[in-house]
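Mind looking over this structure? Questions follow.
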């Protein structure tokens, strides 16, 4: 299906449930998709960072896209990450996920090899030239160690190379520059500006963002959809209250902050533990080499859910 | 073939020559291998950073290993990088390169997702358990944004998980800690400590390193083999003079430092331009999205070769 | 005078005009203060980063505080930075600026020597114990290379060590955590949460921040005071328009982005050039070793002023 | 006295002993100086990072220089750090330490405000123009978050702005570039290249460094002087053994690596505990806000001393 221009509302990065032996648990994945769709989301983003895309083998990635696309049957747009180090490898993922039915691809700056704005621009130009579907830039400096410069993004938007931006940089001032440019420049139309910053969705929408891609929406899609609606209707006081409830819920990502594991193990472990506690997925396991949460840490996830009224 | 324990001498990270349309140029690759073997190297490391492994598609990676392994026919050990973000994806590369005949695999810390020492250890343990050949850790913080802690490396060496270290961190004090530990701890035997720092090979060997993996050895294998020999024979004055000649030659990596491209485009572009100028490979092109050197920049590469007596 | 609890409204970090031989230009400084007071600001922050505090000698720092305090004569609170590397040196600055009449001191985390949350807490406890006036924490990771953890700030607020936070981190999600904690924790009262992020003041105030400390308010105090008022009255649409006008004006900080100088030379040079063009200060010179703007770059600052309706 | 050109041998960064109430303990300081001179050092560097210069108030800094200069009475050159954020503040320290008798000043790149190579060069030019004694550049990226570029250092050496370099970057490849440039460029004479990397002194001297400034030489000056002598006589095997003994001793800097304090608290705390255990200084206290070592951690320092034959 065609992706709306712009894409609006909540478009969650869909977690990838795994079986105990760490294969994709398709029934759990489809239950999760139903849970999200039931919550009112406007699209699905598979194979993003919250999806553990970096941890999924090529066959697993393909299975995720095929399963979700088939299940959605055109009901909502399915965006797919094509996460890899450089242009040639990303091109192969673009080919794979579009063959599997993705409606758009989401692509980061190059990583591993150091990069440069001229190389980033070249990267997106080559990919867009080869992709049968729109290309959305994925700004995630915590992962790729480069910030997408606002002027590069806007220049590529004006040239029709990029169809949108998913900004997970946490830098709202730079994000605003893209939002304003996309609004005010006459040479840019239909460009979707999406924020991945789950703690400041209200602020991003107030600035004029089109939509949100919050990892925590896996756990509480209804909350984020409610937040989006309150922002759209200009009810900023209630929006703020809803956002603050979600911020408190987000505290779950720190349950593993004991020095025993890294932030990814803790955050993705907490999301999956929460989905398991809520009965959405069968098994909370995360991919290797992430360290599993302890029973006590899972219990603390449960308390976060209870406080937020989700258990 | 079995990799010697320890592996010693010069083991260059082999560049990957490409055709003008950016496919692997196998005849040029094999000429490059002959050039290296003729220079006296003691092993070959394919699919490392200097090999543009981050830029090669899976099929290209496989072709490189198969071609080099078949050509070498057991004459020298062939180490292969299995460069990817996380354990499950690295495991697939380990399976591919060992099926293609690699004698050892070279593996970095996880990247993209943030990581933690406990996760790094877990990563190597899972990979070593699955690998049919020895696993060598690849410490390259500039690419993966994590430094392998010396105590983690030594602990994994003692447990038989790691067979060696290729250190491209540039941190000789930390490198020395691994060298000393590998020498002095009674629970560690046959562990190969290799430096990738092409400008301080003499210092690393003086500290007790077993061997060197210098990218610049593609351009001047004879020089690095000579340097290794001088160090082994304790002729430190002539070793230093040879190393300084190579340091001057290494200046070629900055020919593109004009603000127009990143460091990878400049350095790998210079190595390939030099190999082309020396008649070893047919085409100096680098993979996308790297920016090509200009004719004037290539001319400056030529001057570096001339000064070093290589043209 | 007593600093209000909380401190609200616009509290600009006051630029320090210099003479051509780089001494403090007191008449220009007082004209700048009048310009700010006339614009409706609610307090003055001298010796902050925008004040070039890092570039001012001790005698110059003292002269700034004395001159401004005497000129204000208790009309508005005067906050003073006590910017130095470690506790003992900061204590000396605290003594100096409070002797000169400052109503509160603003203190960063330790820098130069690496630091740790336990050391940061210790730092603030020792300083607060010795300071005759309230201590406000200054979170500026770009300068000190440490982010003040929200839980440390809130813990020190609860213990009465800190009276407020000036957040120049650009991380609105972390800022929100302090805002929410200061609002919701029963053990914290009268704590002032101020943002230094001049491009997202509307968002910070919408989250519940008490006030703003925008460097650009030197150039356009009326604009920032208007923005603050619109936010307080809940007129978010007009607030956003005013903020966007100020964001465009802020573009002046990049006039020196030619590769010839660093960001501080460009940004502080632009602020001072703008104040000079607006007739507020006599001389736009910045302190050594900052590189001066060229006439052409100053002309571009003028264009920014003209577009914003300030010339 | 005139500083030799080049300055050679071991020039330790002298620790600053404090009394229990954290004032400079002059008798202990002079005993430490005697301990170092008795060990055979060739100069003294006061007010460096290991001296806790960042933690000393201006009066304390002055007292240190005056006390050491008077005690040495021209016997050995006394270099003094002039550590502060920017040119004007460094100029005041230069004036103070040279008035107190320092024979050379040691100056870092600007910090706190971001900087740029052009600003760094300007910084050193202004300082050298005003300094009555030679200026030595201090490359310490861990503290100032900028690496001094080799070409900037060499250019300033050729212009007579800089008289030497103290390199604490840990980057031996870049260090070698300065060593080689200082040796080979005809426009540079009498430039002193000193390494601060206490774990690779042998390697630095083998590359052609003139001398060493190791913090650990406070604890074991005899060992470092022996190491320097072995290197100068070309006895590389015994040099390596001595260096390795010192590397093991250096392990004391990690006694506080428990998560309870930062690296500075641990390393400087260990040096001072060792000096106290060896009977050189009266009190091992470090400056605020550093966290003190526990009795158990001090005991582990003692074990390091015992293993190294120093107790």
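List of remarks:
Letters A, B, C and D mark the chains in the order given here, with residues in each chain numbered from 1 onward.
Convention: contacts are C-beta pairs under 8 Å (C-beta built on N, C-alpha and C of every residue); 3 or more make two chains touch, one makes a residue touch a chain.
Everything numeric in this text was worked out from a predicted model, so none of it was measured.
Centroid analysis (C-alpha atoms only) places B farthest from subunit C. Subunit A and subunit B have centres, each the mean of its CA atoms, that are 35 Å apart. As a whole-number value, the distance joining the C-alpha centres of subunit A and subunit D reads 49 Å.
Shown for subunit C are the residues that touch two or more other chains, of which there are none. Chain contact topology: the protein chains form a single closed ring, every chain touching exactly two others. By the document's touch criterion, interfaces exist between A-B, A-C, B-D, C-D. By the touch criterion stated above, subunit A contacts subunit C in their complex at residues 170-173, 176-177, 180, 197, 199-200, 202-203, 206-208, 234, 236, 240, 244, 247. On the side of subunit D, the complex with subunit C involves touching residues 22, 49, 54-58, 60, 83, 85-89, 91-92, 110-116, 118-120, 122-123, 126, 142-145, 260-265, 287-291.
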